[in-house]
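First comes the structure, then the notes that go with it.
As written, the chains take the letters A, B and C, and residue 1 is the first residue of each chain.
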């Protein structure tokens, strides 16, 4: 039957998302009209701020990279039926792990090698932090939402301690972060770029890998089975606890990688707000994608455009940049509403 | 007092009730009997407003009444003791008694409950958590609540399941007193003993239709006949298989899981055997199968698989609730095949397709490899489950293997199971259909209140003995 | 800095007031079987509403009322999309958390760092002159008194009134309630809205009394998560939930004190530390539930079981 071809499914998914977009756009526009703002002026300003030159667009891509990585990580945990709120902490721990390696900076080794090791460390850091959430859930019966939330706060405590304690800048400790790394430990960035090509490639590969693992491997299928019905997955000789752990560790690794790339590719140092809330934003992305992989790159790009474009709003239109968050939230809520109405109509 | 006229109820395509009539008089106990799926529970839920009837009318004191919600049933004085207590286990007995009462003065309510307890001879600690009570005691609390609410019509759904003999006696004497006080009592049961000792009149339901009515004294033979329809004397059972070594043994296996749990089960299943588990739903068959599969562990006793070299591959379990307990809703037919078989690490759109297409053809599954299981019909879900049984399976556990299947599919299912069972394998299945068991099984185990009360080769017993055992008579 | 024990304790009691209100609001909601996860955003949004309305009207009272209304509105969205349209309460709560947060920053941006009214301290005559107890309990603003009153009131309501009994029943077994002629979804809606109102008051308590003013950050960020954790920590019991809120207040005030004792440790750590500490306590309580022996007994006193129907949307027949 043709109706199951990938094109057909992509087409029908697109059709299904139209009411969501219309609802979100209509409600946000109405909201803006009510506040006497012109949505069109805002879109124009946001486009001007992010799409008019490669420099601006590469700025957008620099947001897209960590957001895509976090969303990929969350795809794993959502597929396994877990609410991985701990992702913020996993990003932070990834960043800390990477910084540890980068600060060691063994001069005997080529910098490229150091960076690669640092990124691997970031994966391990995020992964272990995720593992903790999983262990708390499996062994201690602590709901992953609260375990993750707690570990986010702990990670925040650790990063502050490091920045204000052992890793403080020569002389002064401040919220601006640690000392900047040696230049050869930065991810190389061509002139006129705001995003390191290596980071871009990593993110695209990570997505490809996520999609491959989730949709085209036995592992992905088992994770999906566990997420849909843990009890029945036992009948298929799958241990749901173990696959939950696998999922959260892979998810944590991707989140950690996002943190690592922020450190070496964007800030070139460790700062307290290293995660920039991309983990939480990723939750919204995957919810809007209805927990499916394929729409994620597009949605992350859209969210990244909102985030990048809104930076211009205060300057150009005296509108607060948090408008991007409002739009993102409105999209997700519209999606939930539309899905709910569909469910209601089906009975 | 209350009269149900020509009641119909359909759930989608399923006709649960077809033209049921019932007339219950005040000061009497009216029994409703029937085997599984006869429509007893549905009828009672209609009477309590829990679900709405499709057509037919309900007359209370010759007045047409509109029972659409439990609220309206309550106002009309209709109250029900549900089989699974619908109470609040974490709240105290007194709180349970008071919940949603018209008067909620704790002192007055405590007095009422103490007064009623004394009257009926119950002993209850009002401050205890409801959940700590036995099923019988929880029932007592609920019963007193209904009496306090001036219920004129009391409905009891299998009230003696899982309660002690002592509590049963107490319950019976209470029901006797309530009858004498002029209440109309409806007793849903499958136990002939209690029908005999309690009821004044009994209505038999079969497959959603009325199948007879009797006044006291009852003719047991006729009751059984009406419940189980025609009792064929001869079965067309295929010849028994040669049996080999023990494949599963249970020694003194007990548990308290489920309403009746399991009560000291001793049995040995041999290679080559096909075992049928009979009994009313919830008498322990399902727990027995879950134990045999290893989903539950016994609280007491031992389970052995003497010939097991690889426990994972050896056993397979096909639960009754196929969509929620046996298959994974949201995954496709092909994905199920991949999960069940030895899938390669990388899966592409072609992986498992051949196997799936073969399964679809062999098992005549109406669907494509990419149909998700929730979109399959019940029969096709069962055929998919059958197709997932690994070739090496030696202990096949099935719950209601032919439920929802038409006659042909049912026969086909059995043919398949028989022809694919290795000589050193065994099948254990639970079925609500006595015909199924008598026709397919080599040996029947009848469950009653969590215990095996009859264990016979099917050629050494008959419908009569088994159906009597199901109703508690051995 | 030299702080007398009296002022220190009074500081705890006052600073915990919004947390008490939010956690009690969530307790009420969860007791009815509904998780309102939007707390962190809802508090911020109502803090903004409360501040802006109070600044515009000059009346903190109107500010508080509008904040309560905001909290109810957020709760209403949750009710409609989850309870009535069957979407996951967790998912809707999350989406609302972030939507409300950014909505608060967006709508409040023009009012950031502007002057606004603030609740004044209203000492209770005579009682406030008592030694120790006076400054501790009787020299506060009205919202702090409200938080005091809310604790026993809510306890009384939940455990000593017929409506409270029905509330608990719905959270435990909606089907059992339906069989008794109660409409579970109506009850759930009612208490989710009422809980939302308390959460809204909590927001205004921040912006009009405890951390007066509006800005980004306001200072109440993260408090919603703590309030959610407190409900679990307090075992869904209003008295223990409130106790947890004061414990958190103690950790926060303690942090400020210790900051002076250990100048070597950077200040932000003391600001963040109460959060992980609080969550750790929660985790300990949770772990205690699965342990056996004496430790378990002790921890059992601290913990309770969640309502059985918590987070499950009840589908009425």
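Criterion: a residue touches a chain if its C-beta (ideal position, glycine included) is under 8 Å from a C-beta of that chain, and two chains touch if they have at least 3 such contacts.
A quick note: this is a predicted structure, and the numbers were derived from the prediction, not measured.
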item	value
Chain whose mean Cα position lies farthest from subunit A	B
Contact pairs, highest-scoring chain pair	A-C
Centroid spacing, where centroids are CA-atom means, of subunit A and subunit B in whole angstrom	48
Distance from subunit C to subunit A - Cα centre to Cα centre, in angstrom	29
Euclidean distance of C-alpha centroids - subunit B vs subunit C, Å	46
Partner subunit B, residues of subunit A touching it in the complex	1, 4, 216-222, 224-225, 228-229, 231-238
Residues of subunit B defined as touching subunit A within the complex	295, 312, 317, 324-331, 335, 338-340, 343-348, 368, 370
For the subunit C and subunit A complex, residues of the former touching the latter	37, 77, 81-82, 84-87, 90-92, 94-96, 98-103, 105-107, 109, 216, 222, 225, 228-229, 232, 265-266, 268-269, 272-273, 275-276, 279-280, 282-283, 286-287, 289-290
Parts of subunit A lying in touch with subunit C, wherever the complex brings them together	35, 83, 136, 139-142, 145-147, 149-151, 153-154, 156-157, 160-161, 164-165, 173, 175, 272, 280-281, 283-284, 287, 319-320, 322-326, 328-330, 332-333, 336-337, 339-341, 343-344
Complex contact set, residues of subunit C against subunit B	161-162, 165-166, 168-169, 172-173, 175-183, 305, 308, 317
